[in-house]
Amino acid sequence: MTTRKNFGSDNVTPMAPQILAALAAASHDPLHSYGDDPYTKRLGELLNEVFGREVIAYPVTTGTAANALALGTMTPPFGAVLCHETAHIVTDECGAPEFYTGGAKLIGIPGAAGKIRPADITEKVDFAAAMGVHHVVPASVSLTQATEWGTVYTVDELTALSAAAHAKGLTVHMDGARFANAVASLNATPAECTWRAGIDVLSFGATKNGAMAAEAVVFFEPSLAREFESRRKRAGHLWSKMRYLSAQLVAYLEHDLWLGHARHANRLAGLLSRELAALPGACLAAPTEANEVFIGLPDPLIGALEADGFEFYRWPAPPGHEGTVIRLVTSFDMKDEDVAAFIAAARRHAGVTG
Amino acid sequence: MTTRKNFGSDNVTPMAPQILAALAAASHDPLHSYGDDPYTKRLGELLNEVFGREVIAYPVTTGTAANALALGTMTPPFGAVLCHETAHIVTDECGAPEFYTGGAKLIGIPGAAGKIRPADITEKVDFAAAMGVHHVVPASVSLTQATEWGTVYTVDELTALSAAAHAKGLTVHMDGARFANAVASLNATPAECTWRAGIDVLSFGATKNGAMAAEAVVFFEPSLAREFESRRKRAGHLWSKMRYLSAQLVAYLEHDLWLGHARHANRLAGLLSRELAALPGACLAAPTEANEVFIGLPDPLIGALEADGFEFYRWPAPPGHEGTVIRLVTSFDMKDEDVAAFIAAARRHAGVTG
Amino acid sequence: MTTRKNFGSDNVTPMAPQILAALAAASHDPLHSYGDDPYTKRLGELLNEVFGREVIAYPVTTGTAANALALGTMTPPFGAVLCHETAHIVTDECGAPEFYTGGAKLIGIPGAAGKIRPADITEKVDFAAAMGVHHVVPASVSLTQATEWGTVYTVDELTALSAAAHAKGLTVHMDGARFANAVASLNATPAECTWRAGIDVLSFGATKNGAMAAEAVVFFEPSLAREFESRRKRAGHLWSKMRYLSAQLVAYLEHDLWLGHARHANRLAGLLSRELAALPGACLAAPTEANEVFIGLPDPLIGALEADGFEFYRWPAPPGHEGTVIRLVTSFDMKDEDVAAFIAAARRHAGVTG
Amino acid sequence: MTTRKNFGSDNVTPMAPQILAALAAASHDPLHSYGDDPYTKRLGELLNEVFGREVIAYPVTTGTAANALALGTMTPPFGAVLCHETAHIVTDECGAPEFYTGGAKLIGIPGAAGKIRPADITEKVDFAAAMGVHHVVPASVSLTQATEWGTVYTVDELTALSAAAHAKGLTVHMDGARFANAVASLNATPAECTWRAGIDVLSFGATKNGAMAAEAVVFFEPSLAREFESRRKRAGHLWSKMRYLSAQLVAYLEHDLWLGHARHANRLAGLLSRELAALPGACLAAPTEANEVFIGLPDPLIGALEADGFEFYRWPAPPGHEGTVIRLVTSFDMKDEDVAAFIAAARRHAGVTG
């Protein structure tokens, strides 16, 4: 029996069996369309429970849609979104935030381990104010949690960032494509990780962690939600057979499937990280705090692993890091033996024994 | 056993069992994301077969996305789309075409039975030219097939409309949310109904006719397709787990599932139409040529059917039509006895016996 | 000496000598740019006086910019502007409102003499509400004053229209490209014609009535103005040498130059209208209440006037009007003898003597 | 008699007397609007002469409009503009390029003395290609000439940059807000500085160098110009009384007024630069090659000059530069004694004698 060799991304995964079962269970009888159905109602209740308060939430299909629609409600066309310079919204969404905001600007901020700091927010807003009408108006902050470097903002960090944003009148968005991994890593409640820490809007990801194609945009600040329904419809992101989008998320939340998945993936990433970091010439590019490992390895070792058929990405090294960095992503459906096989191959190629 | 009483829309339907089975069959192993998978490859082959030529096709989630993304590639921001004044893109998509084109204008044209005529196209383009730079530039025509009034453009009508559009340098889009019903109704090949008749881009609908959430934007004119992938990604309409979008469409096309579904729904609509039109005071608002019946009925009869629990919409009457018009929609999963029960109830309330 | 034969538009005029003198007077010394200059300050004071209250006003270059920027602040991308179907914003601005709103829809309403009625507003908003998320959200009303048919809304009409709009939560914009002509015609104060009648934002036109290129967007509702400066800058409509835009408007307002110009043009239009309407076969297409005459004339008469070298437009006839309609526009710089010459020629060609 | 103390910007200047005289000369008689006038015709002829070939040119009011409209025709919504990270389009136009392109991204590139290098272009395009559909598509390059640091690209540098852009299929825009200063500095023909060096579209600035409010967008590549007229109208940048926009530019070009102005301003900047650089503790932040001086001076000296009433901006220091940098701008209307007075004051405060 062969082990899985694809460590390229958590989006190469199929959907979890529980999600598939939920689609099957929803496949009967006519139901009112566009969200007037029991699955969507149930989803609302579940999200209220998960976040320990009443929230307003809208399911959409992709993370890009969730982020861009959220930022579109939070940022006027003449505005700016402050975020880390490596944020997915900056680098990987083909200008979706610009499209959905009507042309706002993303202001990318450098920072170690994929994190921005409260002082960055203050400084950018003050600079914009000094520039007056010639400068776009900072209107929102987007934080990626877990970050693009596999690290996790602590609750204290989130709280300080939100406070800096709110002090300047900006609202705070969290890109939670890997929110489950962050929550599992922090060992805090979803409430503590979000609204209690000042987050106004969350892109609650599910696709990478077991769903087929489902995310929820969760509004903790109700006034921001008002126009979301119009924006979603107008973007073609309102499913007529909404039951199938909601049913995925219901199954994802029930019985804490999402957290179980995330804990599993995080554990495997931690294992991978520890074992690889012990190899000669290895150097972690960032601490492994969720389900992604960023590690510098000797080029011959990387080549040998690729030759074995392992799949992963070579990643642009962070400032100050020498040599080639690779990214390894673990996921809910990966087995301990898949990771063990990777580690064994790496040790073998590195000439480590015992 | 109760019969189905919902005649409100074909989007209240669940997915067909074959589509669900296809999702299940695709739910194993890691696969490359974003369309580099065997299901998406197979879909391309199938569409080539169905249309009898090489086409370039992109799956998306909703009909609104399909239409708006297609029109976005066909129409510049300073342009105009010519279409029937009751077209779904005008009335029901919350400005999606405006959003995706960057602010182009939809020019709605009146016309009997939901159809526009070639002379309308010529006239609108000539008027725009006479107005010069002050007028938006007509760039595309969008034809709804089957139309919003349940009628079907003949192949000759389509050919004449496309010729009028092409003569003025406009490209032609077909909104085929109910394309299957139109093809089944025309008893022509998909090629004859589209590119052979001059259609450049087709929104190939599947959701209303058995899929969960899947449409394909089919380009017959390859040069128009070039930018589609960027536009789709940027709109958040590129699924990472694309296999699940493509697998739906593969199952929809295989063994002509789509045409079987459409023939069934069309037959039931024809039955409903004939029987209801025979009632005293009934008057069809448009010929029933696909799976929708638009009929004027006496108000007491409509009220009695509603009181029975039947669901359907009251519709704005077309010019020249007196009284209240209702819309009844049949679908792939509707049974003969569902329709028989509606007819029986209508006859009973109308006092018709025998 | 020849008389002026161009009755085509009031935008064929040069600037008034007083405006030119103001440009010359402002042409000395360095001054702070972007509006931090004494001319812009003086303009603000003058507009407060003219409107009898504190207003927030921004000069821009063209009427299209004024209208589109105003509507952009009043209407979200998923919104709609209600207006007459012949409004300049619908027919002559190449989609500028769509561009500036980010893709909102203009909903054109028919109506005699270029006017819409309060019931139209209520009906369109109620229809949109019934359609729910599928319909764009009516957010603003735009009234053209004087109208596109040379008529003028009375103060009572304006008040009723604004009340209908406000009752539904819409804001009210006035396209005042010919605002001076309307005020002169109504013999009311600028305040009575605008904010006292419920107008929230006014495009205060000056270009057609004597300026070189200057309009002011006047906000009576301060909260709407907040973002205007960012939108204007971002559109490239903030002059660095703002003094020259403001100086035009200062000269336009000082000594009631604007009203004097408008009274003159209105008087000439009235004269033209009365004399032409008395010709055999003549029929006014709308009452002449400002500086435009819309009149149906026998084709041979029209042809003879054109052959004489007179310039004017043939206009699409309003519903119910037979024959060819022409538009004649008078302006601040037109002389009595220019009009007399036109009338004399028309009488001569019509065979009228005495 | 006092000398002029405002060195803040060249946009604080009034218009030149020749420009004012041109406005006066154009102020008579009705003329056809929207550019069908002799001044606009004459402008076309003059630009052909100046550039030594047939060009297609459109006057607009502001530099922001010129740049953003040009980039809008060159860059699709899903595209990217490559430019220096300090480019005016990035820092000072409140997102105008994003607005006019429909949401394209500006990719700011660092580089000494305000210049980018050909390798930057190649690298950014290759990176985008490697990222595939997730990355915006580089479509155009914008070069600022003179640069934002008062330097001037040589003809060879321009040629190499254009070649790198064209090799990758990108078009090249030149932001020539200070184009006259650059041409005067290079001692080359306008043709050599633009289309012969591969520039496709030029924002030909006049406002800072003597006009009231006028720039021309000059297309050397005719196919790019096709849609410009629609875009300009739709943006509200088409003057009805176009004569007044064109007449400014005609006067600006006739008798080489533009080059005379620029040579004068450049000479004064050179003088200022040489004398200030000789002061103790002074350090030029970039070579002075046009009409702007960027120089680091001791803080007490800067403070003393401000206390004297001189106006100028403190500027963000470039990488590697210690201490406070100020910007001094000279202009066509500045006198030798104005500059001499500044130098004298600086020398006095610096304790330099003789």
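For reference, chains read A, B, C and D in written order, and residue numbers begin at 1 within each chain.
As a convention for this text, a residue touches a chain if its C-beta (ideal position, glycine included) is under 8 Å from a C-beta of that chain, and two chains touch if they have at least 3 such contacts.
Since this is a predicted model, take the numbers as computed values, not measurements.
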Contact-richer chain pair (by C-beta pairs counted) among C-D and A-C: C-D
Greatest separation from subunit D - chain, by CA centre: B
Cα-centroid distance, subunit A relative to subunit D, in whole angstrom: 42
Between subunit C and subunit D, centroid-to-centroid distance (C-alpha), Å: 35
Computed distance of Cα centres, subunit C from subunit A, in Å: 51
Where subunit D touches two or more other chains, by residue: 77-78, 93-95, 99, 102, 133-134, 136, 230, 233-234, 238
In the complex with subunit D, residue positions of subunit B that touch it: 34, 76-78, 102, 133-134, 136-137, 227, 229-234, 238
Complex contact set, residues of subunit D against subunit A: 77-78, 80, 91-95, 98-99, 101-106, 131, 133-136
Interfacial residue positions of subunit C with respect to subunit D in the complex: 4, 6, 8-9, 11-15, 17, 20, 23-24, 26-33, 60-69, 93-96, 99, 207-208, 212-213, 230, 233-241, 243-245, 333
